[in-house]
Amino acid sequence: MDTRQTDLYDTGGGGHPEKGQWIEEFIQGRTVTGIFAVAEAGKRLKKDGSPFLRLELQDRTGRIAAVAWEHGHLAGRLETGSIVRITGTVGSYHDRPQLTISDLQIVTTAMPGEFFMTASREGREALRARLAKVRAGITDPLLTELLARIFEGEGLLEPWLGAPAAKLRHQAYLGGLAEHSLNMAEHARWCAGFYPELNGDLLVTAALLHDLGKIFEYRVTTVIDYSDTGRLEGHVVIGDRLIRRIADAIPEFPDDLRMHLSHLILSHQGRKEHGSPVVPQTLEAVVLYALDLLDSRVAAYRDIRDRHRGENRTWSDYDRLDERFWYLGESGEGDEDA
Amino acid sequence: MDTRQTDLYDTGGGGHPEKGQWIEEFIQGRTVTGIFAVAEAGKRLKKDGSPFLRLELQDRTGRIAAVAWEHGHLAGRLETGSIVRITGTVGSYHDRPQLTISDLQIVTTAMPGEFFMTASREGREALRARLAKVRAGITDPLLTELLARIFEGEGLLEPWLGAPAAKLRHQAYLGGLAEHSLNMAEHARWCAGFYPELNGDLLVTAALLHDLGKIFEYRVTTVIDYSDTGRLEGHVVIGDRLIRRIADAIPEFPDDLRMHLSHLILSHQGRKEHGSPVVPQTLEAVVLYALDLLDSRVAAYRDIRDRHRGENRTWSDYDRLDERFWYLGESGEGDEDA
Amino acid sequence: MDTRQTDLYDTGGGGHPEKGQWIEEFIQGRTVTGIFAVAEAGKRLKKDGSPFLRLELQDRTGRIAAVAWEHGHLAGRLETGSIVRITGTVGSYHDRPQLTISDLQIVTTAMPGEFFMTASREGREALRARLAKVRAGITDPLLTELLARIFEGEGLLEPWLGAPAAKLRHQAYLGGLAEHSLNMAEHARWCAGFYPELNGDLLVTAALLHDLGKIFEYRVTTVIDYSDTGRLEGHVVIGDRLIRRIADAIPEFPDDLRMHLSHLILSHQGRKEHGSPVVPQTLEAVVLYALDLLDSRVAAYRDIRDRHRGENRTWSDYDRLDERFWYLGESGEGDEDA
Amino acid sequence: MDTRQTDLYDTGGGGHPEKGQWIEEFIQGRTVTGIFAVAEAGKRLKKDGSPFLRLELQDRTGRIAAVAWEHGHLAGRLETGSIVRITGTVGSYHDRPQLTISDLQIVTTAMPGEFFMTASREGREALRARLAKVRAGITDPLLTELLARIFEGEGLLEPWLGAPAAKLRHQAYLGGLAEHSLNMAEHARWCAGFYPELNGDLLVTAALLHDLGKIFEYRVTTVIDYSDTGRLEGHVVIGDRLIRRIADAIPEFPDDLRMHLSHLILSHQGRKEHGSPVVPQTLEAVVLYALDLLDSRVAAYRDIRDRHRGENRTWSDYDRLDERFWYLGESGEGDEDA
Amino acid sequence: MDTRQTDLYDTGGGGHPEKGQWIEEFIQGRTVTGIFAVAEAGKRLKKDGSPFLRLELQDRTGRIAAVAWEHGHLAGRLETGSIVRITGTVGSYHDRPQLTISDLQIVTTAMPGEFFMTASREGREALRARLAKVRAGITDPLLTELLARIFEGEGLLEPWLGAPAAKLRHQAYLGGLAEHSLNMAEHARWCAGFYPELNGDLLVTAALLHDLGKIFEYRVTTVIDYSDTGRLEGHVVIGDRLIRRIADAIPEFPDDLRMHLSHLILSHQGRKEHGSPVVPQTLEAVVLYALDLLDSRVAAYRDIRDRHRGENRTWSDYDRLDERFWYLGESGEGDEDA
Amino acid sequence: MDTRQTDLYDTGGGGHPEKGQWIEEFIQGRTVTGIFAVAEAGKRLKKDGSPFLRLELQDRTGRIAAVAWEHGHLAGRLETGSIVRITGTVGSYHDRPQLTISDLQIVTTAMPGEFFMTASREGREALRARLAKVRAGITDPLLTELLARIFEGEGLLEPWLGAPAAKLRHQAYLGGLAEHSLNMAEHARWCAGFYPELNGDLLVTAALLHDLGKIFEYRVTTVIDYSDTGRLEGHVVIGDRLIRRIADAIPEFPDDLRMHLSHLILSHQGRKEHGSPVVPQTLEAVVLYALDLLDSRVAAYRDIRDRHRGENRTWSDYDRLDERFWYLGESGEGDEDA
């Protein structure tokens, strides 16, 4: 069973309902009952012309195909993110498991997010504590004020703690955004000690805020997807715009500092091809980019390794994004003992 | 003599001072007197160790190197953009003309901008009239209101009419921004008639505003240079941030329209490598990008042709930016008769 | 039912045969009869070692997989582009519809092209009228003569009116080539009015002819495919070679004009990577390239939108060619009312 | 003294005039007399406002800057490629040698090309003999006929023997085109023996003709420059168009062979970025491309080595085109003994 | 039946066992018995929860899917490269042939490699003879000694003769490495005769050794796969390291020659993007790269053509690696008669 | 005066000679005497045909052009790296300072390196102490042994402490290699604490050794230049080959560890285009690459900032390598107070 923490999820309303069975526990030939998210929904026709449903169901532990021969009339009411309570029998189809649904009810009340999605191994409280510690290390009163207005004043603390850092790659789970940003902020503080000419408070603040726009770039229901604004505007601009609005309202905030902070947010992808409208042009900006690369690559490797855990393999599947195979031989297994 | 219009320049203060001679009129061996902008200023040492000045002077008609043997003590008071009144003798140095300065006074009162920079062939009033006509064609009340707030409410009309569209390439002269934006807006209206599914009012508005951030990207004194914010944030983000602040204040402005307008501003460079944080994802966005390409390439060609005017050449010098020679043979000379 | 025009198709021989049922009208479980094009044909073995046919059938309204258990002996006589008259029953296989064929006859007489392929919404006569109007606007007698020799003298008018503009993307239907070329020619005339130094007649002529080679690049039977010469030589060179042969035969045709026209044909893809052996080096060439970009991108967007019509979606599927999702939210639905 | 052959040059008219001194023989402080080509010509102003000439003179052995204080009135009659008879004194200017001209006459009669340009080490007759041998190895009667029509019928033999293969890089001297094409043809015959499925006659023919368009791409007077058609259309298309016109006139020439030959001409640059409108798609095409790479890289290396001959250096200057330094250590000096 | 030679394979131990039937001879509905390699092995669950095997079997003539309902308990003992003796019935599944296994035994004794993999059309002895001839042409005593130490002293002759040149593309069969290297060596000797300044012995030696590291880059059991060292270090470095160790042990081996040989090995991929840590900087290095390109492209074309042999097609399937279709029209069929 | 440490230089032989004046102290019109390195040497001809010398002289504080009218006969004895004792007068030429030499003696005895080159601000002893501390943190006995054999056994400690990290960019001064490697090693230890699955000892060892080959890639005399082996083989391969030879001699060194260490050395440039023959495929490899990026970018920024120190500028000159201007505004000046 996964050790990931569950205080990262929305609790849903009214008490703690029964989840029922988890997908990873399904056994061929058994009848199962439980609550699942709809990852994909489609209507198909039977040979007699009447409709049936083909679904892709998801919970935190996996995905399974499903078919509901008698519920075609519900097609218009189901979409990605819907929640259903289902009874069915586990079979297989084309060598993949498939659930044949005998009973299906659409759930319209809120459900605990932990039913459907993975989350950071660190819980919300652990992340909150790390943030508090990082913030305590910042002595610049204006940057302290800015963070207070963003996290408390605007109420963005809880969304930031719960958001994913990606849809697919590196920390694509609840809490991933905070985990990634905190890793970078702690590296930033280390670097500020190492390279004394760095403006440490500014670098740490930028590390915490660099991906702030991702809160709005993704639409998280029971799956992670892009929002319209996420695709049409992108998290880089969304984040900068938000931070600027807030900084503008702090009367004594110096123009230079505000401009530098914007530059850090805007250039953190490092290259224009990666979606930064400007490239890094200050020392803090080149460091921020290198730290983003460092932590996101470590997280991507960890993600690859986790997908292959238990398979006892020396090499990963081919990784199309990074155009290579990954060696799992030593480090992949080495930390089992850790 | 250049036919470019002069109502695009700041008028400077108090009456119309005497410019004196223009650089393009200088004759070898003559003594000249006039007012010039300092494009570059440097201090050098004479053989006896005492300082002298090496300057690059500019007016609207050209540039000339200059040396002032007796004014080294003024070095700290001169910088790019300073204005000087000079008497000197036209000689040559390394086969280039050079002015040997006998008298130099720093001018601290405002001077007419037309002394120093070129401007659009269309004057400020002609551009203003074109804008009025384009705006009159927009019937959407919210976009009408947005333009009113930007141009009148924020007082950006005059800066927009006077700004250049570039530092070096295509419409890099006063009024170039308005000229380019109006060309695109008129093309946009044509396209909206041609492709009926286009949202014409939105496309025309985006054409007018797509480079609005350039007002702040450049620092125009007596030469065109980048501002700090121009380099660190870029005109794409500066413009979007400004437009969003104003649109946010129009109560009934729909979210979808605001998001689409931002998308048009942010994606108008067409490709991430060119500095757009997002690529065009709507029909209006692909049209806006193609129109930007169309007008900026025409302007770039015109600029190349103008630089070679009167040289009676078939081919331009090698153009490093576009990695080609340009053929001047027909069209370069053909419009002489027009 | 599609409103696309049918005078773009070859009429086939002798009278108007019965098409029978259209693929989009098929209903699960029914027996259907009709005439279809063979998009793909393959021979497979039954368990007893005897052959059967697996076909992909196509008509103007769609495609369907089919299996013919008793017609394996016909395998050698069927290929892409063959026409068959079929009776069968609509079932499904792997969740896709499949036709089980009970009767199959190979049709060797010509059939109306409209049975099998889509075509421009504008009919052949509408396109012909637009061409006439564009040609009437050209006053240069040599270019007028050139067009007359190409369209009438060489008999290329009808092939040009009927050809597609692409195999897959943008205007990949009968009449698409003429539609795209006429759009560009009308934009070209607008531009010639806007930018007075343009040689308008030359630009309009080049817009009409720039893709002339596509008549020979594709092999259109009952589907659009590349010809051998299309792949080995490409439409850019095929078109230029043809135009040059004809222009060479017009005695007084000036060398400069002929060279410039060739340059426009050869450089219209804009970049060497896109298959132009030379890049644009004249003003007309940069305008032609921008207009090609403008109309082909609009057409590509329309194509994406059409594929998703009726699906009530905000976003397209991922577009591998352009590496983005397309936003259908506003403009995708907005023209429903138009 | 250079051992390059001189029968590659136009002989010029009437007898063999006196060249006078060669540039490589100039000695500081001496008065020299001779005939030179004008590589660049410019008019400048003296301090008193009267004009003088600044020239760049060239002969086969080198280049030298020159100044003619008393001949400014001739400026309009001199251009790149003009020939002058000059007397002057060798001095220096900015650490470079400079000729101060006391007497200058414009030469309007033809002069031997060998005065001004380098040529292949193999002479015209040697190249002609190699070609004869290569052609004798071709047994296909149609390709034999095609070569006869091109070289004899169209009279292209002598231009082909005399043309350069480039303006700057690899075999950029008279006879370079033939030398490069013959090298490739002989390699092609070797390959046809090695890989038996190759169509040897076709490959050898394509090797001879692949750069035929270069005869027209360059304008060779007393220096090598691009022609207008060379820049606007390019040698790939010029050559193919010419070969096709001639092949079309051979009645029995099969369509497939003609198409394949065109494909070889059009694709020989190997990649679209290098100016081929189509990429190699046949076995002969991939071999032709590899042989072009082989011989042109050997020639480029030889050219680099020759420029540094006698300098006793281990490494070349930085080569901007190929982005590397070249090692001259062993092979650069090793062939001195050969 | 394939004419490829069989002395390239490991003979396996003790006598020549019976292979049984070949995959290309399988007939639908028949029961077959034979020995096969396991290309992929997987465990699946039946509806009752008990395991079964899904295998991909391979021999020299092809591949076939297989299912073993009763042998799920063997899953842990089967992996890629295992050998099995099988009895089963040929059926089909999803329109692909599938073997239903009734009897399965794991074979642990060595088997003749010719059962499972293709090999060069030239046999081991033919390749050995070619190598002897090439080596006999080398007169430099140190390079002769180096080759003797590598091939005989280190015992690398037999591994080199038997290794493939690739996993997928060009000469991806036993003996492919030697075939490719010998082709290049013979071209190299031709080139040394053609370009006299080449160090022929060095070039020929480098051609023989350039891919030596591939012996260790691949792990050849009954299929060709990458070894760990092959992926983590690459054949370029593995080969150079090995050659250097051996050359270092030859006392009189000159430093310059050793460095040049290393440079040839290290730069033979021609470009850094292709995995060469340095680019070619000597004449021999540019020639070696061109010859590698020549022979590997010919081999790649032959491979494409072989895959389509007997299909009577004009065009290959789309080749994703080279991003083109290949024309089979002439040369593809032309050599049938050869 | 520079605070850089001087124990990094070779001390030269016998006592501490007098350097004489430093270039940065030269004053126009004064006579100076001192010892300088020859950065470039050339022979030119006077107007009377006799030779003179043009030199570029260098010491640790700068460079100056020089001319020696009476020492042309020494031309053959001077080359890059030679040392001269000179008396001359400081004048100027083309607005650059120039030394006119009256007395010149070639110095053939060793001279202190500190006369001619800059060095790390940390001295040799400080770097040695940091290395000792880093090594003390490694507990793996085999890696400890490997480092001992490399640094002490092979005597590479002193060369490693004194070598530069680059010719031009980032830490291109004596001690730069050690400074850069130690920075990375200390970051590596931090990361190993942060990401527990990292093999910290291996990562730290690889950080220390990743650029070991640079000791041999550069030829450091009195200037930094590439060695032949540096250009033809590259530091990546040179370093790996050396480390492998040493590791091979440690009997119990596990194959896996040796392979992983080689992978780290070979892949540390991160991308093939940057000269790594393989890309990072392990967790340690991606971290090593990110840390190399981090420290080398910080060092590059520091270098840019140092070049502009004291100029009171907001922006650097255009940086061609990184294609941007650098902002010096805040951090450039902010550390003045530090």
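As written, the chains take the letters A, B, C, D, E and F, and residue 1 is the first residue of each chain.
We take it that a contact is a pair of C-beta atoms (placed from the backbone, for glycine too) under 8 Å apart; a residue touches a chain by one contact, two chains touch by 3 or more.
Everything quoted here is computed from the prediction, not taken from an experiment.
Contacts with chain B and chain D are shared by C, F. Relative to the C-alpha centre of chain C, the farthest chain centre belongs to F. Two chain pairs, D-E and A-E, are weighed by contacting C-beta pairs, with D-E ahead. Between the CA-based centres of chain C and chain D the separation comes to 44 Å, rounded to the whole angstrom.
Chain contacts: chain C has residues 94, 228, 231-232, 260, 263, 281-282, 325, 327, 329 touching two or more partner chains. Going by the touch rule set out above, the chain pairs that meet are A-B, A-C, A-E, A-F, B-C, B-D, B-F, C-D, C-E, D-E, D-F, E-F.
Interface residues of chain D, counted against chain B in their complex, comprise 44-49, 54, 94, 228, 231-232.
Only residues 228-229, 231-234, 236-237, 240-241, 244-245, 259-260, 262-263, 266, 272-278, 281-282 of chain C touch chain D when the two sit together in their complex. By the touch criterion stated above, chain A contacts chain F in their complex at residues 183, 186-187, 190-191, 194-199, 256, 260, 263, 279, 281-284, 286-287, 289-291, 293-294, 297-298, 301-302, 305, 323-327, 329-331, 334-335, 338. If you check the complex, the residues on chain C that touch chain A are 27-29, 91-92, 94-95, 314-315, 325, 327, 329.
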